[in-house]
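Letters are used for the chains, namely A, B, C and D, taken in the order the chains are written, and counting of residues starts over at 1 for each.
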Amino acid sequence: MVIGLNHYLILAAALFLTGAAGVLARRNTLIMLMGVEIMLCSVNIVFAAYSRALGDMSGHVFVIMNFAIAAAEAAIGLAILVAIYRIKRSVNADELNSLKE
Amino acid sequence: MEAVLFYLFGALLLGGAIAAMTSRSAVAAVVWLIFAFVNAAGIYALLAAPVLAILQILIYAGAIMVLFLFVVMMLQGPTLKSELKSIGDRKWWLPVGAVLVALLNWMHGVSLEGFTNDAPAGFGEIKGVAELLLNKYMITFEMISLVLLVAIIGAVALASNKKGMPW
Amino acid sequence: MVVDRRDFSVNFLIALLITNKELASRKYARLRVIYIWFDAGEAAFMAEQFVPLLLVISLALIFALLFLGLSYWLGPKKASKLKKTVYECGIPVRGGIEIRFFIRFFLVALLFLLFDLEAVFIYPWAVMYQSMLDGGRMIFALSEMGVFVGILVVGLVYVWKKGALEWQ
Amino acid sequence: MTANLMAILPYLVLAGGALLVMLVDSFVKSMRKDHLSNLSLLVLLGSLVAQQFTQQYSSDLFAGLLATSKFTFYMNTLFVAIALLTVNYASSLYSRSSSFSSEFYPLILLATLGMCLMAAATDMLVLFIAIEMMSMAVYLMVAGNRKSIKSVEAGFKYLILGAFASAILLMGMALLYGQTGSTLYSSFAAVSSSGGLMTSLAVGLLLIGFGFKIAMVPFHMWTPDVYDGAPSHITGFMATGVKAAAMAAMIRIVWVLIPQVSVVWAPLIGVLAVLTMTIGNLVALAQSNIKRMLAWSSIAHAGYLLLGLMTLLKPTSDSAVLSVVADNAGGALLFYLLAYAVMNLGAFGIISYLAKNRGEEADNIERYAGLSRTRPLVAASLAIFMFSLAGIPPTIGFAGKFYIFEGVVKAGMIPLAIWGVVNSLLSAYYYLRIIIVMYMKDPEESSYKGSSWETAFATSVLAIISVLLGVIPAPIRDVAVAAFKSLGQSG
C-alpha cells in the first residue's frame, strides 16, 4: 500500500467534480460559491501533488497565490450577494430573474 | 501508515465536500466545508507541504469560511424553500456523472504506484517557498497585492453603507 | 524486533505508555504489532513531524466522543414540551432562529479577510530577510516589501477616507 | 533590473495611476467629479506614451515571466485605447447622473493593467493572476450600479461563471505544470510534441477556460444576461477588451502548444467555431433588445475569431511557405480584434449616449425610431457601425472578415469559409433592422434622445476610423502581421 501521484490526482478529480456539480446544480447562490471554493481546493491539491512528484517548489508558490485569489474572489462574490440581498431580500438563483426577457 | 492517513484524510475531505454540496441548509454546508478543508490540510501534510497545510487552515478554514458563515447567518434562514423538495437541477447530475464514469474508466488502466523519487532535502519548507516567491516570482508577488486592492475597492463599493442606504 | 530510537513519532507513542525494555518483553507483544504497523509505510512518509499532532488530535477526538457518548448513554432522557424549546435566558423565544447582523460587521469581516492575506505574504519575506541581508540585497528586499505594503496602505487609506471604518 | 523596470514602464504607469486615482479620490473633495476622469485619461495617455518609449527594451523580462515585443505593443495600445474610450463614455454619463461611483476609475485602470499583463505573460502564474486581476475588476464594474438589481445580478452571474471558468482553466494549468515541470511557456515546447493523454486533457481544459471568457458556444450562456445587465459603457469594455485580452493570451499559449493543439483539438475548434457563429447569429435575429442583440452578435464574432485561430493551427505542419500563411492568419486575427473593438465600442458608446441616466438603458430597438432626424450625426455613426458589424464594404468590419476568410481559404478549408460568408449574410438582417428603424420610422414621443457632446464626438471619430480603415486597411494590417511575427516561431 504505497501512495503515489495518481492517488492524489484521482482524489482531486473527484473533488473537482463534486464542486462543479454543486455550482451547476444547486440553486442556493451561497452554496454555488462554496462549490467554486471546492474546485479551487482540488486544483491546489493537484499542484501540490505534482510539486511533490517533480521535486519542484514552484507549484507551492502557485498554491499560495491561489489561496489569495480564492479569498479575494469569495470576498467579491459575497459582497455582491449582500448587495443583491439588500435589493431583493433573497439569494435564490431561481429568483434572480430580472435579466430574463 | 501513509496509506492509512491518505485514505482517512481523502475520504473525510471528499465526504465533507459531498456533504456540503448536498446539504439543504447553507449553515450546515459551511460547517461541512470547514471540516473538509481541515482534512485538505492533512493531505498537504502528506504531500510534504507543511507551509500549505498551515496556510490552508489559516486562510480557508480560518478566514474564508468564517466570512461565508457570517454571510449565511446575515442573509437567510437555514434553508431555501425551493430546495426543500429537491436539491438542485437533476439535469446537471447527468454530465457530471458521465465525466465521473469516464474518470473511473480511465482509472482502471492507471498504475497506482508510489512516488518514484524522494522529495529533495528542504522540500516544502517555508524557506524554499520564500526563495521562489521573492526572487523568481517577484513580479507576481507585487501583482497579488494589486488583486487584493481590487477586492478592497470592491468591498468599499458594494458593502459600505453610504448615506441614504437603508439597513 | 528492535525498537528504532530514531523514529520520533513511534517513540512518542511508546513513551506515553511504557519503556523500551518492557516493549522487548513478551508481555507487550501486541504493542509491537502496533509499532510494526506504524513502521510499514514509514520509508515514503515525508511528514512524520505531523504524527505527534495527529496523535494529540485523535486523542482529543476520542475523549470528546467518549464523554459525549457516555453522557448520552448514561443520562436520563425525559422529553417534555418545555425542554424542547430553545433556551434564551429564560425568556419566551420570539422570532425565528436566523440571526441578523448589522452590515457594518460584514464590511469589517470582509476587510479583515483581505488584510489578513497580506500577512500570509509578509511571512515568507520575514524568513528570507536575513539571508537577503547576508547577500547584500537589503535595498532589494526592503523595496520589494515596501511596494507590496505600500499598495495595501493606499487601500487602507482609501477604505478609511471613504468612511467604511466609521461606526455610527 | 533597471532594464526590466524600464521595459514594464507602461504597466507601472497604469498601476501607479490607479493608486494615484485612489489617493486623489480619498483626499480631494469636489462636487464635480471630473477631476477623477481627467486624471484617469491622463494616466492612460501616459501609459500610451510610455509604450512608445519602451519599445527598445523588447525582450524577455524577469527571468522569462514576461515578454514584451511588438505583439504586446499592439495589444496594449488596443487595450489602453479601449479603456480611454470607456472612461470618456463614463465621465459624460456620470456627469449627468445623480448617483456617481468613483470606484469605477481605479477599477478600470487595474482591469486594463490586467489585460496588458495577460498579453505580456509568458508564465502561467503571471497569466493567471493577470486574468484574475482583470476579471475581478470587471465583475465589480458590472455590479457597479448597486442600486439596480439588473446590474448587481449580472455581476453575480458573471462572477460565478467566471470563477467556475477560472477553476477549469487553473486545472488545465495544473496538469500542464505536471507534464512540463515548469510554469514557463517556453518549457511547453518540449512536451507538446510528445504529449500524451494528460497534456491533451490539460490543453482541452485551457481551451474551455478561455472559451468562457471569449463567449464560445457551449460556454456562452452568461453572455446575453451579463451584457444586458451591465451598464452600457461597461458592456462595451467587456465585449471588446476582455475578449481581446483572452484571445491574446490564448494565441500566445496556443502558439507554443501548436503540435499538441492541432493534433487533438483543431477539428473540435473548427466545429465549435461553426456552432458559435451559427447559434450567435440565429438567436440574434430574434432579439428586440439592442444590448441582447449585440451580446449574441458578439458570440457570433467569437466564432469568426475561432475560425481565425483554426487557420493558425492548420498550416504549420511543413515548410516556410506555409509559415507565411500562418503569419497572415495571425495578423488577420489581431486585425480582427482591432476592427471588432472599433465597431463594437462605437455601438455601445451610442447606447450609453442615449441613456438618460444610469440604470435606465437605451436598449429597446423600437425606441430608436426617427433617430436620424433628431440626432443625424449619431444615427449616421450607428449606421456605420452596424454596416461594419455586418461586414459590408467599405468598413473596417468588412476588411477584418475579408482577411480572416482569406486565411481560411488559403489554409484549404473552403467549406468553412463559405459557411462564414453565409453567416455574415444572415447577420446583415438584424444589423440592418436597426438602420431601418432609425431612418424609415418617424420619431415618437418615447424615442431616445442623447445629450452629451463628448460621447457623440468620440463615437463620430470611431465611425470615421472604421470607414477610413475599411478603405485602406493595409498599413494597420501590416502592423498586425509584424506584431504576430514577433511572437517568434512556434515550438
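Observations, loosely collected:
What we mean here is this: a contact is a pair of C-beta atoms (placed from the backbone, for glycine too) under 8 Å apart; a residue touches a chain by one contact, two chains touch by 3 or more.
In this text, all values refer to a predicted model and were calculated from it rather than measured experimentally.
The chains touching subunit B as well as subunit C are A, D. Think of the whole protein's Cα atoms as having one middle point; the chain whose own Cα middle lies nearest to it is A.
In terms of C-beta pairs in contact, the better-connected of the chain pairs A-D and A-C is A-D. Farthest chain from subunit B, judged by C-alpha centroids: D. Put simply, the C-alpha centre of subunit A and that of subunit D have 26 angstrom between them.
Chain centres here are Cα means. That of subunit A falls 21 Å from that of subunit C.
A separation of 45 Å divides the Cα centre of subunit C from that of subunit D. Taking each chain's centre as the mean of its C-alpha atoms, subunit B lies 31 Å from subunit D. Within subunit B, contacts with two or more other chains are made by residues 2-3, 46-48, 55, 59, 63-64, 67, 71, 74, 76, 114-115, 119, 123-124, 129, 133, 136-138, 140, 144, 146-151, 153-156, 158-159, 167.
For subunit C, residues that reach two or more other chains under the stated contact definition are 40-41, 44, 46, 103, 106, 110, 113-114, 117, 120-121, 151, 154-155, 158, 162. Across the assembly, subunit A contributes residues 1-3, 19-20, 33, 49, 52-53, 58, 61, 64-65, 67-69, 71-72, 74-76, 78-83, 86 that each touch 2 or more other chains. Chain contacts in this assembly form a complete graph, since each chain touches every other chain.
On subunit D, the positions that touch subunit B within their shared complex are 15, 18, 22, 62-63, 65-66, 101, 103, 106-107, 110, 113, 117, 125-126, 129-130, 132-133, 136-137, 139-140, 143-144, 146.
Those residues of subunit B that touch subunit A in the shared complex are 2-3, 6, 10, 13-14, 17-18, 20-21, 23, 26, 29-30, 33, 36-37, 40, 43-44, 46-49, 51-52, 55-56, 59-60, 63-64, 67-68, 71-72, 74-76, 80, 82-83, 87-90, 92-93, 96, 99-100, 103, 107, 110-117, 119-120, 123-124, 128-129, 132-133, 136-137, 140, 144, 147-148, 150-151, 154-155, 158-159, 165, 167.
Contact residues of subunit A toward subunit D in the complex are 16, 19-20, 23, 29, 32-33, 36, 39-40, 42-43, 46-47, 49-50, 53-54, 56, 58-59, 61-62, 65-66, 69, 72-73, 76-77, 80-81, 83-84, 86-88, 96, 98-101.
For subunit B in complex with subunit D, the touching residues are 136-140, 143-144, 146-147, 149-151, 153-154, 156-158. In the complex of the two chains, the subunit C residues touching subunit D come out as 151, 154-155, 157-158, 160-162.
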